[in-house]
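Which chain is which? They are A, B, C and D, in the order written, and residues in each are numbered from 1.
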Amino acid sequence: MPSQTFILTFVCDDMPGIVANVTNHIFKSGGNILESHQYNDIETNRFFMRTAYRVADPAGSTALEAGFEAIAAHYGMDYRIRARSQRPKVLILASKADHCLADLLYRRRIGELDMDVTGIISNHPRDTYASLDFGDIPFHHLPTIPGNKAAQESQIWALFQSTGSELAVLARYMQILSDDLAAKFSGRCINIHHSFLPGFKGAKPYHQAHQRGVKVIGATAHYVTADLDEGPIIEQDVERISHSDTPDDLIRKGRDIERRVLARAIRFHLDGRVLVNGPRTVVFRD
Amino acid sequence: MPSQTFILTFVCDDMPGIVANVTNHIFKSGGNILESHQYNDIETNRFFMRTAYRVADPAGSTALEAGFEAIAAHYGMDYRIRARSQRPKVLILASKADHCLADLLYRRRIGELDMDVTGIISNHPRDTYASLDFGDIPFHHLPTIPGNKAAQESQIWALFQSTGSELAVLARYMQILSDDLAAKFSGRCINIHHSFLPGFKGAKPYHQAHQRGVKVIGATAHYVTADLDEGPIIEQDVERISHSDTPDDLIRKGRDIERRVLARAIRFHLDGRVLVNGPRTVVFRD
Amino acid sequence: MPSQTFILTFVCDDMPGIVANVTNHIFKSGGNILESHQYNDIETNRFFMRTAYRVADPAGSTALEAGFEAIAAHYGMDYRIRARSQRPKVLILASKADHCLADLLYRRRIGELDMDVTGIISNHPRDTYASLDFGDIPFHHLPTIPGNKAAQESQIWALFQSTGSELAVLARYMQILSDDLAAKFSGRCINIHHSFLPGFKGAKPYHQAHQRGVKVIGATAHYVTADLDEGPIIEQDVERISHSDTPDDLIRKGRDIERRVLARAIRFHLDGRVLVNGPRTVVFRD
Amino acid sequence: MPSQTFILTFVCDDMPGIVANVTNHIFKSGGNILESHQYNDIETNRFFMRTAYRVADPAGSTALEAGFEAIAAHYGMDYRIRARSQRPKVLILASKADHCLADLLYRRRIGELDMDVTGIISNHPRDTYASLDFGDIPFHHLPTIPGNKAAQESQIWALFQSTGSELAVLARYMQILSDDLAAKFSGRCINIHHSFLPGFKGAKPYHQAHQRGVKVIGATAHYVTADLDEGPIIEQDVERISHSDTPDDLIRKGRDIERRVLARAIRFHLDGRVLVNGPRTVVFRD
């Protein structure tokens, strides 16, 4: 029987012995640790861990997971064990600017982002993405018109649920989610904001950046919360600019930053490398 | 007679023929252009230029500068011609954290920053910098106590004037300049703020950054204006951080960014490479 | 009549008065300079300039160009004047890894890279790029088999000429051009090498980088010459890596660097911003 | 009794159960893990770990270390346990360019690099560093003259031994160590090479970089081995440059990169974060 790789992540209050007990359990259950990261937040006394382990046979993994429940209960852990082979289901939302969408579909196609895209939602029609091959991914045109926000969001939420998606990606989706929808998605929706937060929140951040005269621009991938552009930051990156860059130049240069920042954030999230820590994240990068 | 290098910088409304007229004048006056940069701000229709030229003999340079007045008047230029050999006079202010001060003194000593430091002012006493060799640079201990701000600032201004300084550098000088003093310095005072503006203005920016959970920190050198941390940005740089960085780690990592950002900004300014453009700057980097 | 924008680039021996004469001529001919860069290589005494100017009417631009011939002859200039509206013709070559190809086609589609792609050549068949929409760009499958290198290269050259292409892009095209073909392309062929040259020339650079244990990887876009990976470098960029990155991780992380480096290099080249300076380039970046 | 922090590092062949046994032992001995990193090199099947733990009382730490011997023997570990309070002894060597030396002394002075500098050796006399306050660190002028290399190196080695130093830092020390001395230092000598290795080994790397026309320069900190500039790389960093940078500009810009790269490498090494892995290093960064 082929061995399987599992990703265990958990958060709990810190105390002596956690790692010893967890790794001991994995070892006793026939697991072999491939990679392990931990972090103690001394301010809050919370402990974060991510361990990738391999088990030779399915019986072993079942026993491992069953036995882990007691440890998790003992420490009051918020935990998750996931098989690497289980492809995550992701729902992507986009608007007019499709550079992030095109980039994510490419990475999926070549196997770099191993995910099952359950659907592509846009407030723009299919022909906006005429050159993009969606394969057999269903496309949903959910236009927004004055007064229909709640109805349109209901459709988004319905699709998220009916497809069994675990992550929604706002890939330069330009509609602001209502507090209600943001709350529903809590921790399961990643947005790419085209600025280096906390600077330039809201609309037209490149124009704001140009106005302010910054010498570096950036992009930020974060979990969506009710507060616009305030959610826990997952990943950021930057690029130097100069006085000669117009807002259009910033938009152009920004596309590259947005693409790679969003892709990294999604990759980290799907690989269980991101753990929310209040208003922040713990990211066990690879 | 040895040739001399001059730096000409000017700003004026843009119109056809400026470069032709200016370069023609330099050529006719026996000047040879070594380096030249220009920028047209299409939003404001303002034109910015910096030209470094060499003139074989002093008579030629005098004629060149005399003749330039008419061109400058014709175009309504705000201009300056400075001989490279003329060492700028710089007044440095510091507080407890002396990494920027130490760094600037080192660069000056090895000839990297060619400036005449007219004085070092601090609200802390001399022994705060026991290990630093100030050479023959006068040190002025100007402590701040409740109620003496205006008096203390008068001493700063008096020193700036009496030493004939052209630039004041707030090298992690932690006292906030009053609107009055900021206005007096206008365009002649560079501050290093230990954050990547416009984020985390004001006090304890590293603690703010830690709280916000950004994944990148930075530092910003800017001209001081009445609005705290709002003046035209000259230079910025960043460094990646992670969830495991405590505020003290950010302070430590930030020191390196602050040192190099401030040094670059000062170098650009002293070499006539920075031209203020409203709330922003044009920086002809080298 | 609508105004047109032109890009003038030239190289010549440096001497006083060049800029004055050139800008004066542009001005007298009714041109208005939009952007201008120059560089004096003091080692070789060569002068490089790029000026973008606008002329109100076609008659003016014709006169400007006609009159420029005398100036060019006087200074022994190697020069070029090109209308910005004239879309450059570019031939792209690719192999199995299509990330650069896909990226260039995307940028062209959204108008970021304004070029006329005259053809896509690959040593792999069309279905290798099943998901990529080539639109009406002709695809040419030119397989390489032992013994047919010269014949296959003749076809490449024939296509380059018959399409009137001015630039060939080796977008992770993995066949090494013969000295003969490299010489024919001289200065008109850009390659992306997946390492930070001069390190890790030749095959499997990511494996070489992994073996060497570098902490930073990069990609290099350069003009092709007879010496493999030795041609004048146009653009480079890097990314931090760690001991935990396997060669496959480097390949993955490297794709993003390769894409942006190649795209920037092509953009600079097509916009007349790159001038070859012996074994190096002068790049007037935007 | 106050608690103490210890750093345990070890390398051994990988096999299931190592982490469980090690962390279990720490736990049972009353230790509390503060930070832990591990890495499995799947190519060589070698396992690397660094764990920082705190023990409430000295008796506990003695027992922990005594008990660890059996575990280490069982796994064939190459290991080390060091108390954080034990300040490492470091010998610094410098030559004419003193920017790295000045920078390290500054970081030590403000407590950023917690080390006991046992001496400063230079092939140049003390007055080369007139402005630098060495405090009570002994300075040794060991000039090199034709024919005295072996004798001069004997003095270096004698000082290294007599001072009980554990690390020698070549802070832009420009004499090439003989194979003999390099071998003696093995793993205990860090050099800063002023290029982004593997490019531009040997002399005048900035001139080499300028000649090659790279668009990015860097610096590399590595362990010294018999092969010049070939030892395991610890840390690297880069900076963008352009065609207008002369070799002197590269030297100037390079100083900043060298300073921070060397300082980081030393910091990592002294904090037990660097483990040699054949020709490479594993670096558990903070």
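The criterion applied here is as follows: contacts are C-beta pairs under 8 Å (C-beta built on N, C-alpha and C of every residue); 3 or more make two chains touch, one makes a residue touch a chain.
Remember, it's a predicted structure, so these values are computed and weren't measured experimentally.
Asks: Between chain pairs C-D and B-D, which one is joined by a greater number of C-beta pairs in contact?
Replies: More C-beta contacts join the chains of C-D.
Asks: Would you kindly say which chain has the C-alpha centre located farthest from the C-alpha centre of chain D?
Replies: C
Asks: Rounded to a whole Å, what is the gap between the Cα centroids of chain B and chain D?
Replies: The answer is 36 Å.
Asks: Give, as an integer number of Å, the spacing between the C-alpha centres of chain D and chain C.
Replies: 41
Asks: Please set out, as single numbers or ranges, the residues of chain C touching at least two other chains.
Replies: Residues 35, 244 of chain C touch two or more partner chains.
Asks: Quick check: in the complex, which residue numbers of chain A touch chain B?
Replies: Residues of chain A touching chain B: 39, 41-42, 196-200, 211-216, 218, 232-238, 242-244, 246, 277, 279-283, 285.
Asks: Which of the residues in chain A end up touching chain C in this complex?
Replies: Spelled out, the residues of chain A in touch with chain C are 35, 99, 102, 106, 109-110, 112, 130-133, 135, 244-245, 249, 252, 255-256, 260, 263, 286.
Asks: Quick one: which bits of chain C touch chain B in the complex? Just the residue numbers, please.
Replies: 16-17, 19-21, 23-24, 26-28, 31-38, 40, 240
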